[in-house]
């Protein structure tokens, strides 16, 4: 793998460098036998973190901001929970499965609550987009948690 | 409360401004009837986040860094989990108790795992200090989770 | 835009929901006239945050971890700086340009330092991948900072 | 130092474990010759992060939330910038001074902007408390940046 190829394959298309990083990790992907499910959960968590951050901001710009106070609050919580979940999942060296599972569970709960609230504001299109990101992350984390069950 | 008094009371002594913030919150402290338990959990979470960040760094500087790889990994996870927990708890406006409880539970698990690992390296004094910070945070989050139980 | 179409367009392919979020933001993309440059900077910052988190972890798993202590340290700093930069850039509502520019500058400096260090460990393929992610983020933030110059 | 003494000295009083951590760091406090200035900057950064998180939340609960949209936005930025600054400063192992200085500078700018905005809403007492936390952090980071100047 050359530098140029790496950039062409990941950088220019705006894709993630994480799959390549995992392929070159000295211990490989140890957290899950299903590397695809793991990468999907990490990607979904960081995508949801960004989307919730931006949805809180979009809600703040709405003329009826009073009506979306609960949505902003859940967006902020969900963005934080997803960021931490993504970081914990990105580490492959000697994971503690109890820690990973508990954070995945917190992420499932946060995405479910935020997504449900966003769906009640679907007349705001950004809330509809955010609900999709939350659902994707909830499903990906739920699937991964199942694969890591004791 | 004047600006000067605030600074004298909190800033100069290096204490937290959070108790004053909560006293002046338009809805008060809604998350828990026991504001002291809440403030202790927030303070413990941010203290643990800092201490785990610094303990990972101190471990990295140890001549026998190979022996503390698992400790560094848990320190990094615990720092992230505690930061997110502290931020979620710092919000009083329309909390979702399921989200708060799930994140508190993740924090209890992370602090328990990190503290237990640190105690096995108690010949490194920084690991002993970190184990104390983890135990304080685990206990504070466990107590608050109990008070928020459905 | 239907829920199904949104999921098909972004969720299933693992792509970011952020472009759709920005299209539906009540104030539009206010931070920069060049929405493409902004989205590239946000995408590069979150990609670099993930990649640096995973590279620190991969370094930690190397048999010669002593030789990559400085790399781990810079990876951890760069991951934190990129996460905050991505979050600040994801907000479009009434940005303070001085704040945005200063954080972009910190991100450029962190990515430059981390990428340079990673390139000195290019025999570790993960460091090579991380150097690419750092270069992409440095360039994207530098370009955006130029577009936001006073 | 015994476990019990540590807990009595730091945990019960709600004080930070960080000074003890630094005293036991294998390389000592390498970032600055003035450990007091460093600890003050770290403490002020994490205090400001918490206070800004809570002030954004208190603003969100105000009946005139429309009037504090800019304040919420700056609070969110400042909370993120301070968190990252505190984490970077908490690491003593082989710091890159250019990275540390650039992040300190971003923190000074963010605290100045957020504090100034909060002072314009001083009829909200939480904004007044937050302005104090921002000023303390701005001053501590500015002082430390001066001590680290090339």
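Letters A, B, C and D mark the chains as written, and numbering starts fresh at 1 in each.
We take it that a residue touches a chain if its C-beta (ideal position, glycine included) is under 8 Å from a C-beta of that chain, and two chains touch if they have at least 3 such contacts.
These numbers were taken from a predicted model, which means no experiment stands behind them.
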item	value
Between the pairs B-D and A-B, the one where more C-beta pairs touch	B-D
Duplicate of the C-D contact set - from A-B, A-C or A-D, the pair where over half of the pairs recur	A-B
Longest centre-to-centre distance from subunit A, chain (CA-based)	D
Chain centre separation in whole Å, for subunit C relative to subunit B (CA means)	27
Mean-CA-position distance for subunit D and subunit B (Å)	15
Mean-CA-position distance for subunit B and subunit A (Å)	23
Subunit A residues counted as touching two or more neighbouring chains	57, 60-61, 69, 73, 76, 83, 87, 91, 93
Contact graph of the chains (line, ring, star, complete, other)	complete
Subunit B to subunit A touching residues, read off their complex	69-70, 73-74, 76-78, 80-81, 83-84, 87-88, 91, 93-96, 98-99, 102-103, 105-106, 108-110, 113
Contact footprint of subunit C on subunit B as seen in their complex	56-57, 60-61, 65-66, 69, 72-73, 76
In the complex with subunit B, residue positions of subunit D that touch it	1, 3, 6-7, 10-11, 14, 16-18, 20-22, 24-27, 40, 42-44, 46-51, 53-55, 57-58, 60-63, 79, 83, 86-87, 90-93, 124-126, 128-133, 135-136
